[in-house]
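Following: one structure in structure tokens, then a few remarks.
As written, the chain order gives the labels A, B, C and D, with residue 1 at the start of each chain.
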Amino acid sequence: MAKTFRVGMIGYRFMGRAHSNAWRQAPRFFALKANLELHTICGRDQANVNAARAQLGWQHSTTDWREIVESPLIDIVDITTPTSSHAEIAIAALKHGKNVLCEKPLGLNLKECEQMFAAAHKSKAVHMICHNYRRIPAIALARRMITEGTLGRIFHFRARYAQDRLADLDFPVDWRLQSKSSGSGVHSDINSHIIDLGRYLVGEFKEVCGLVHTFVPERPLPEPAVKGVSKMGKVDVPDSAAFLGWMENGVLANLEATRYASGRKNHIEIEINGEKGSLYFDFEDMNKLKFYHGDDPKDRRGFREIIVTERDGLQPYVSHWWPPGHGIGYEHTFVHTVVDFVNACADGKPVHPTFEDGLKNQRVLTAVEESSKKGKWVKV
Amino acid sequence: MAKTFRVGMIGYRFMGRAHSNAWRQAPRFFALKANLELHTICGRDQANVNAARAQLGWQHSTTDWREIVESPLIDIVDITTPTSSHAEIAIAALKHGKNVLCEKPLGLNLKECEQMFAAAHKSKAVHMICHNYRRIPAIALARRMITEGTLGRIFHFRARYAQDRLADLDFPVDWRLQSKSSGSGVHSDINSHIIDLGRYLVGEFKEVCGLVHTFVPERPLPEPAVKGVSKMGKVDVPDSAAFLGWMENGVLANLEATRYASGRKNHIEIEINGEKGSLYFDFEDMNKLKFYHGDDPKDRRGFREIIVTERDGLQPYVSHWWPPGHGIGYEHTFVHTVVDFVNACADGKPVHPTFEDGLKNQRVLTAVEESSKKGKWVKV
Amino acid sequence: MAKTFRVGMIGYRFMGRAHSNAWRQAPRFFALKANLELHTICGRDQANVNAARAQLGWQHSTTDWREIVESPLIDIVDITTPTSSHAEIAIAALKHGKNVLCEKPLGLNLKECEQMFAAAHKSKAVHMICHNYRRIPAIALARRMITEGTLGRIFHFRARYAQDRLADLDFPVDWRLQSKSSGSGVHSDINSHIIDLGRYLVGEFKEVCGLVHTFVPERPLPEPAVKGVSKMGKVDVPDSAAFLGWMENGVLANLEATRYASGRKNHIEIEINGEKGSLYFDFEDMNKLKFYHGDDPKDRRGFREIIVTERDGLQPYVSHWWPPGHGIGYEHTFVHTVVDFVNACADGKPVHPTFEDGLKNQRVLTAVEESSKKGKWVKV
Amino acid sequence: MAKTFRVGMIGYRFMGRAHSNAWRQAPRFFALKANLELHTICGRDQANVNAARAQLGWQHSTTDWREIVESPLIDIVDITTPTSSHAEIAIAALKHGKNVLCEKPLGLNLKECEQMFAAAHKSKAVHMICHNYRRIPAIALARRMITEGTLGRIFHFRARYAQDRLADLDFPVDWRLQSKSSGSGVHSDINSHIIDLGRYLVGEFKEVCGLVHTFVPERPLPEPAVKGVSKMGKVDVPDSAAFLGWMENGVLANLEATRYASGRKNHIEIEINGEKGSLYFDFEDMNKLKFYHGDDPKDRRGFREIIVTERDGLQPYVSHWWPPGHGIGYEHTFVHTVVDFVNACADGKPVHPTFEDGLKNQRVLTAVEESSKKGKWVKV
């Protein structure tokens, strides 16, 4: 008879909603190697966490995360809080032998990430950082094609993560725009995602040169003391970042992250160019992967728009959902993450991306920040 | 304190999975006017329905649909079986005062639809036919824009529902390709969807002229008696359909449904052209709506690609899901359907599309079939 | 030593400009089998034709087209006038043994077309109707692919020619909106183009059912007698048309032509679905052809966007222009037409589309008009 | 009576063909302020230049460019040769008072460019560098919109010039891959184009950081001594380049040029993000400009696809060609360049981009090369 994992989740906002959905949906669409119980949800505000418990489908709630990490009832700890609390919670959970799924970025800085990885490395638990975009079916298909050598030698990896919410100069200083809670703003928040995709799809970064930047260093504080009169607050993190890099396999990388691209809502755009073909992906059309194959007859070559919804296990994950052409959405990437994580926990085997991936990602982030300060190339 | 509705669902395959998901997810993302219990699921095969019960999240299972429609415990009956059983179940459920959500097409033929509508009309229950595509946010937004007069006088309604599974000549004779189970094949299965969208978005059909057709009248039977040797079976329903029509408001309609469009997976393509603007939608890119506005300055007019994922209630339904640019998928259209249905049940008010809409749809389907036989225009 | 052809062209407006350009450009980019002299241009207004002569690069001008068709100096007569004058000029030119290139539609009606074809058939001259869109490289490539059997059995031919100029209700009654000059308006003007493409790419029409329609039967006359006060005039031709058809090879056709599609500027949209693949073309992106191939591995199939600009003769015509990715424009289709016409004249061989093609096209146009009157299917 | 300019052109290959076409076509479609005579074409090979003379429409030919620059008959000198000869010819022509149109890049290096600009500055002649892409109608429209402030404060300028011919490792070492003829390969050949577009559309570069790179340093020599046995030659120029930059107005720039992007044929992709809107352009769809406007109502915002083919002078250049939706091609950008150049010569006024623009462009190119060597940011 199958094992049952009891899950405790810390945090209940955007990521808490997305993860809760994943815990609920995973067993409905996939055959998991273990049963799941959405045991306890944790948040700092009693009333809010109670409401979240009911809304999101958890059995219990608490305002003290230590109850979760210390409880012998809990098998899996899922961390969806702001970055500043990741390290403390994750390390405590690992010490108590819990399997840990942690939102990205891993920690506030390199030191925290190293401590987290050390704790993970020492533990026998399964540890995973939630870079959910790896498990977009189109991205997982791209990975498979690259691994099989479909593109031949790769020359370019090009990625941009572009949103536009900060182009509105009245957008307030939220937790993502403050160093104490977010680490390094847009850089750690979304640049980390495309760094992860570069590492997943193409290879390790060897050296980087670029910049982190704050276009708008002052913004309204979220809650005005006097109604209608906003006090201004300081943005002390980057709100944009861009860098060039060389990968260990000789690929030239060009990455950019911004929230100033008017009209781009969640535009994760990736292009990979190889000797024998190219791949292109844009999250705003997430069920598709564009693929140019140099092996097609020369008079009829072109980028193919693959609708990644085939059945019969032909393409990663999608057979579990709907018929061809019936696309999936954003939250499904978390379901896939949970599926793979749970199965790894059941097997007691590692599952990518691990805390080591989170640490390697942070090394790239940190190198870009150092490059930005020094104005020159920096080894990762 | 809020009322609780107990739901009984008949059927557990493709539509059963989609509806179950909707019943589960609706209260997680929307504030419903009633609580929901996924009470009983029904299917003919004991083992299968038990497995479905567990997998899809229902409390009880049965192999006799009459238990559901007759049970005083049940408030809502959801019918997701093949078309041939809709009428009997729905009429029985309505007689027992159940609110009924029924998959499309309403019935096998005009007579059944009339009986179903009569039963609905007589009852005080809420009745709804599940044309889920009405509740794609982009389609609901299109409806709002048209209702507000954004397009001015409308000239053209053009729709195609194109898939490609029958282009594979080895695709077997499933229930959708037999008249006894499906009514009229591709015509009632998917042409009905774009007829519904035409009625929802633009207006009532007045007269039609067109054809239903069977490109491939013989196909392998699904389960070969001797392994590897398929016996052939007869396809006695249309596997494609096309018609021109005039709407009551003078709009020229052109609709086509086919499963022979290689490369088109679930391509529901709609274009509406008016004096002051046009709208274009393609389900394979379901989070977007294209909109051309004649009021834009003449040097910078063009089809806008609206990513229909805005917050703050600006666009229908999507505020309940994720941030801008984080698209939703196919099954969400069923969630929206269930949300509106449940709220209507709680309020005791009608909700479109009703069984009357199902009947009117069938009148168009039937008129096209008659036109196909007679080779001339037929009044709806 | 190469022969020289002296060309006389009747008409100097839109088509006159496009054809003059083609006569000038053809020898600059292609190795023709004969030299060309732009000998005489003809128009009814002396001042205008003189200006056109200088502007468009002709040696002589005249206001009497008979001078051209009767002149022993002239080898080729090119007819770019409104439809009403095609028959008289073409028949006279053929009687004088001239090679004739005639704008579409061939004549005002079936009778004229039959007379024109009879004259052509009797003559030894080369005769061609200028359906320039056949010689878009993407279309010529599509034709080649279909001929080679790439799509397998074809099920659907679907075409729409959509513009939007009449959506402006103040657009005046020009010559194209009057039966005496244009024949049958939008039907003969642009529906004829997609009928031609259907015949070229897929096959002959066997029977049709559809309609021709006038959405706006009254419009301002072009030149108001009193400034600012437009008198209204009657539109006595169709301003839109749509029909379904069966081709001799069993292909289901769906064609529509309109000038009421706001936002569609010159949207000639074609889709062809076959058992083994599909093709899609849109003139507003004329350098591309979309191609779905069922032979691609199933996990990576999708519509390829072929940029039809390859070199080395791999794709029709384009090698003569620019490097890959450096697209061509509308007028190049006329250049290709002239190239093939001139070479055919030099060889004394027929070149498609001939006057017979123009006649067959008119038979389809006429059948649609008859179907529209009778409200039923009509054999072509 | 209008003046007549006699043109002498040096070079007859790719650019020679494109420029010849422009000289021929300009007066056919535009009302120029002067008449044009295609007087003399010059090339080093007697037979080839004679053939080119006939093919391209010139009156005379010569193998000595000095005859052209010294001839009192010549008013305009057009330089379309490889980069290495630009400086000598242009300076000589300017000394003789000729108006000079010179292909890009201006010179082999900064020193040459400075000498050329000095010569231009001293002369009273009109001097222009042929960055033809400025006069794509969509780009000229983008410029107008930006100048009018439509985008508000601009944050990002992002451009990539991507082709794929070098992804074929057997592509030979042509003149563009040798420093003695091309200057700095892909960097000066195509990176210069997008630098020019950045300067034209957004502003001056202040500092840059990036790299020039040679992915494949050895390639076959063009003409094998023994048939089928290629000797290998050295590629001593960059075959790719990428850099980040700050513009004087605070815009963050990201530019990349490569010929290793399989499937990208002539993909000049530009995105500009401002506070109030964004623009996107891709040369492979050159008749379109995408425009997102933050002023549109929030529920219906999206990138508009403007088909830049409107009449009545609403959009730059296109009114002179064809009706809406009838797109133009690559070579038309040269026609527009010649039109503006000729009118400037007639008026004796400067016309952008001047030799000063060529020099400023070279300063950016040189700064990137210096940054590449030093591995750090460099002031332009």
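One rule holds for everything that comes next: a contact is a pair of C-beta atoms (placed from the backbone, for glycine too) under 8 Å apart; a residue touches a chain by one contact, two chains touch by 3 or more.
These numbers come from a predicted model, not from an experiment.
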Of A-C and A-D, the pair with more C-beta contacts is A-D
Max Cα-centre separation from subunit B goes to chain D
In whole angstrom, how far does the Cα centroid of subunit A sit from the Cα centroid of subunit C?
54
CA centre of subunit A versus CA centre of subunit B: separation in Å?
35
Calculate how many whole Å lie between the centre of subunit A and the centre of subunit D, each centre taken as the average of the chain's C-alpha atoms.
41
Where in subunit B do residues touch two or more other chains at once?
264, 301-303, 307
Okay, in this complex, where on subunit D does subunit B touch?
141, 145, 288-291, 296, 298-307, 310, 314-315
For the complex, give me every residue of subunit D touching subunit C.
14, 18, 20-21, 24-25, 28, 55-57, 163, 165, 264-267, 283-287, 307, 309, 321-332
Subunit C to subunit B touching residues, read off their complex
151, 155-156, 158, 160, 162, 164, 167, 169, 209-211, 213, 215, 240, 242-244, 250, 252, 254, 256, 258, 260-264, 271, 273-278, 292, 294, 301-303, 374-377
